[in-house]
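Heads up, there are several structures right after this.
Paired with chain B in one complex and with chain C in the other, chain A is shared by the two complexes that follow.
Let's turn to the complex of A and B:
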């Protein structure tokens, strides 16, 4: 515990020296974040290995809670991606912000504060600490999104994000107030059995789902996410997408761990939301040609996959089937870590592209594989993992959820619930296939083929400080993918906490361990054989002489150039057209008239309907409504003092009466 | 019963040596149907031997990703071939959940093939890659719905038991099984780029899917591409043949039945190709949705 608190402190002050140092502030911050990662990971791994955690108590009776900060397996588990990604982000920031004018030291400081709030948030076990850390995280992230506030697009993204996150917080305030009313104190802990079935339990579930759903980016509450992730500096996007969204999941997971007897419709709701977010998330991603927006929509998709797992686990808990419970929760939790690893990796490599070429537009990139081989390899590794392809980590977590759903098919779940496992299976299959198409498009358009602009042709490879974090994350993806069995005991312990009651204490019901349910070792063998075969075949290819320096065969035409290349938009066109009922793509067709038409442009994009058609009008309505209240705000100090006096008087009268 | 070692050996030899025969059988069937003599059945073996000795030519646009397609495509399908039983003979490797690994290994092969096509920078290959990605996105649900229906019926997550169990068929499962197989035959035609989805013999690059993705491959990489395609015919063929085959008491009978069924499948594909034309590209998704619906109905029937 003390190690962990030291880590928190190191992260919080990581940006302070940079304020006073003339130079090398970024390096010092990265070093401190590295120290924090070392200390924190030691503490977290010790807890996950079965060691005792710790509790920070504040001796005030008024708070009336068991503890303010608790380092339990769940907290330890969620802190791993926080620590890893903040270190990688800090190191990456050194190179990324080099030559960036303005307020770099402040941004470094805020980055450290964001990390510290995240570390505090995972441990929070009291409404007060939780909301404090939550707000700290929200505001720090807002400041970081606004890093390039000279651009109107960034400012808009920042304000939308701030509005969305505070709307979510509002729901959380209501939820925690209700929780305190139900259990009589503001601490976190198991709720009484039977509560979940009451209207109060339903209200709690709805409020927490709304509040945390905003943060996690569950469809249709995701509208703030794509613009904010696109506008933020890339390592901040990595931290936001990889870790901050997961805090919404952490909230849902914490809540589920308190409820001993969730009704099965909670599981159904989670599955339905997961399927919606997953399928539409990847569908919208297909329509994007801004690399970072595309990645942001994929975060929504992956949150969907996590919710599918959580829903499956909850269904299992509700219907008394530990097999579904264990596999669903294990898959969801592992996907939390996996997604932060590969999405962090993808955002960092996308940032590397942006850094080198100055654009995020896929249609202006191409051929980067030759000038930026390391970045290209990193992006390929990330794409490989996010598509859930073996033998990288994305496959392992999706495999666990698949296994749980397949097992669920054969179990007796009761009328009306039998369909949920099938929904999970088919959604996962569809998401997998669409994600594959989307990342083939993204990687192909940016890194393969011919460079479409001069900037892409002359893009330099990024400095080592940016490549190193990417390599680290790629290695982590590979490790979890190839030897998942190594991580199973820790996962089992966390699933034990989440499952509560029947499965508490790390041992699972009926002696069915995760390893027995899911033969993870076989994946290692598959990976090894696959690698050996690939090596062998690659060797065989190189044994004959090769001819080079010839043009691509373009059906007899020898002067094919980059303008004839298939674009990212064309690649996705078939699927976007097929999904146009949901995506509503907008195309600006060129007007071609007369015998000698002028040069024309064709443009198409997929706007976000949740933002343009729902959130923006709702916000405008709210602003107009707030205008009515402006009558009360004269701006004169005496009037406000009068309000205070009147309120106090009213309270006094109420108290006496 | 044959000893396990011998079974594995037979499985491995089948995977390595048999595949190039299948395209030969298909081509021969088509030729005979059209009243031609046609190339010899072993033509693909000759082609592979020739390509293996030839120099490979690479476009100056390509990178190492260009080779990852053929290499990864064959390697992934070879690993997948260890998981599938050939008729009522045991699969060499079998574990709970191998069915998902099987499906995703094919995903891996497809991903690398698409990337390898995009690496050339050719607009034609980009077009083929886009079609491959689009159509397979619709084939995936059909495949998984079929797996779900089979898993529902016999509560196993392993291809070995899942596919083999209808061999001891009861009347109750006949209807759903026919629907599953109907859906999977569509998946088979899509994944192997056969008529009516794609025409492997067409000479118009604009209308092709799989062939256009490998326009730039030559020499040994192209040999791998051709071998990989025939391997897919075999491995996915085993997927749709195994549930349809009756179980025989002797192992050698099971092997014989599998080889006979495989030859029958190749002839069947040849007959389909001889009797109909390729669909217009816009009709292909409808064809695929038919496959999804067939397997979905199969699952519904399993529920009752």
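Let's turn to the complex of A and C:
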């Protein structure tokens, strides 16, 4: 516990030396974040290995709760991505922020504060500490999103994010107040059995789902996510997408862990939301040209996958099927870590592309694989993992959920619930296929083919401080993918917490272990065989006589140039058209008139309906409503004083009479 | 007997404050009121407490000497004699002040007092002074008269504090005094700046600063 608190402290002050140092402030901050990661991971792994956690009590008598901060297995588990990604992000920031000197030290400071808030949030066990850390996280992230506030687009993204996060917090306030009313204190702890079925339990579920859904980016509430992730500096996007969204999941997971008897419709709701977020998230991603927006939509997709797993687990818990419960929760939790690893990797490599070429537009990139081999390798690894292909980590967690859903097909779930495992299977399959298409498009358009602009042609490879974090994350992806059995005991412990008292301890229901339910060791052998096959294939390809080296998409035409290749839009066009009913792409067709038409442009994009049709008008309405209050602001000081006088009089009369 | 007399004088000075149009007169009445209230603890026979005596001396010094000094300096800088054209005229002000005094008597009648308090006029007087201060703040246009209103407002608070003077730590009273001094000091500077910026001390111009 003290190690963990030290880590928190180190992260919080990591940016402070940078304020006073003229140079190398970023390096110092990265070093402190590295120290924090080392200390924190030691503490977290010790807890996950079965060691005792710790509780921090701060005059809790006044707050009426057993503890403010508790380092339990769940906290330890969620702190791993926080620590890893913040270190990688800090190190990456050294090279990334080299360009603009302006307020870099402040941004470094805020980055450290964001990390500290996240570290505090994961182990908060009291509404006060939770909301404190939650707001700290939200505001620090807002400041980081606004890093390039000279651009109008960034400012807009920042304000949308701020409005969305505070709306979510509003729901959380209501939820925690209701929780305190139900259990009599503001601390976190198991709720009494039977509560979940009451209207109060339903209200709690709905409020927590709304509040945390805003943060996690569950589909209708995701509208803040793509603009904010696109506008933020890339390592901040990595931390936001990889870790901050997961705090919404952490909240849902914590809530589920308190409820001993969730009704099965909770699981159904989670599955439905997961399927919606997953499928539409990846569908919207297909329509994007902006590399970082595309990645942001994939975050929504992955949140969907996590929700599918959580829904499966909750269904299992509600209907009393430990197999579904264990596999669903294990898959969801593992996917939390996995997604933070590969999405961090993807955002960092996308940042390198942005850093080298100055654009995020896929239509202006191309051929980067030649000039940026390491970055393209990192992006490929991330894409491989996010598509859920073996032998990387994305496969393992999705496989666990698949396994749980397949097992669930044969179980007796009760009337009307039999279809849920099938829904999960179909959605997962659809998501996987669409994700593959999307990353084929993204990787192909950015890194393969011919460079479409001069900037892409002359893109330099990123400095070592930016490549190192990517390598670290890629290695972590590979490790989980190849030897998942190594991580199973830790995962079991967390699933035990989530499953409640019935399945606590090292072993799960009926002495069964995760290893017994899912043959994780087989994955290692499969990976080895796969690697050998790939090696053989490579050898064989080399034996085949080589053809001539020709430009990509040349197709026998003698004067091929970059404009003849498939663009990102044209690659995805078929699928986008197929999903037209949901995506509603907007195309600006040129009007060709006359015998000698002028040069014309064709443009198409996929706007976000949740933002443009729902959130934006609602915000504008709110702003107009607030404008009515302007009447009270006359500018005359005596009038303001009159307000004070009238308030005072009213209070006096109210008190006395 | 003596305290009641002082309280009555304070209430009377409230009426003179709202009725006068001369700025210097208003300042004099406010200062007089401050000195009267500064003497109150001694009149209440609390001279045996050292910290209360100290407080009374401090109050009289600040309100009787330091603040008038600051006012005179400000007055010299801005060259104004009269409050012309206030938001609320003098007759109406006087009536409002009477209304406020009546209301405070009514309110104080219902306010529970600490058992054993002999000065029943204290609460209504303090509320009436408070209202007068507010009335001056709201109805006057010149920055300087508004400062006078602020001073009167503080006098009302001070009078209310006298009810508890034996139990209240000296720190609170000292805090109020310091607050007052700094407030008037800063306003003296601000008034000068307003004059320089707008070529008048009419606070109406400040409305242009709203966004």
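We adopt the following convention: the second predicted complex is superposed on the first by the 612 of 657 C-alpha atoms of A that agree within 3 Å, B and C clash if a C-alpha of one lies under 4 Å from a C-alpha of the other, contacts with A are read in each partner's own complex, and residues count from 1 in each chain.
As a convention for this text, a contact is a pair of C-beta atoms (placed from the backbone, for glycine too) under 8 Å apart; a residue touches a chain by one contact, two chains touch by 3 or more.
Fair warning: this is a prediction, and the values are worked out from it, not measured in the lab.
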>> Once chain A of both complexes is superposed, is A:354 in touch with chain B (first), chain C (second), both, or neither?
In response: neither
> Looking at chain A, does chain B or chain C touch a larger number of its residues?
Replying inline: B
> Is A:653 touching the first partner chain B, the second partner chain C, both, or neither of them?
Replying inline: second
>> Taking the superposition on A as described, I'd like to know which of chain B and chain C A:430 touches: first, second, both or neither.
In response: first
>> Quick one: is A:578 in contact with chain B, with chain C, with both, or with neither? Answer first, second, both or neither.
In response: first
> Touching A:395 in the superposition: chain B (first), chain C (second), both, neither?
Replying inline: first
>> Considering only the contact definition stated at the top, list the common interface residues of chain A for chain B and chain C.
In response: none
> Okay, in this complex, where on chain A does chain B touch?
Replying inline: 366-367, 369-370, 380, 384, 387-390, 395, 398-399, 402-403, 406-407, 409-410, 418, 422, 425-426, 428-430, 432-434, 436-437, 439-441, 443-445, 448-450, 517-519, 522-523, 525-526, 529-530, 533-534, 537-538, 540-541, 543-555, 560, 562, 564-566, 570-575, 578
>> Residue numbers of chain C touching chain A in their complex, please.
In response: 87, 107, 110-111, 127, 130-131, 134, 137-141, 146, 203-204, 206-210
> Okay, in this complex, where on chain A does chain C touch?
Replying inline: 633-639, 641-642, 644-645, 648, 652-653, 656-657
> What residues of chain B sit close enough to touch chain A in their complex?
Replying inline: 52-63, 65, 67, 70-72, 74-76, 78-79, 82, 93, 95-101, 103-105, 107-108, 110-111, 114-115, 118-127, 129-131, 133-134, 136-141, 143-145, 147-148, 151-152, 155, 157, 205, 215-216, 219-221, 224, 285, 299, 303
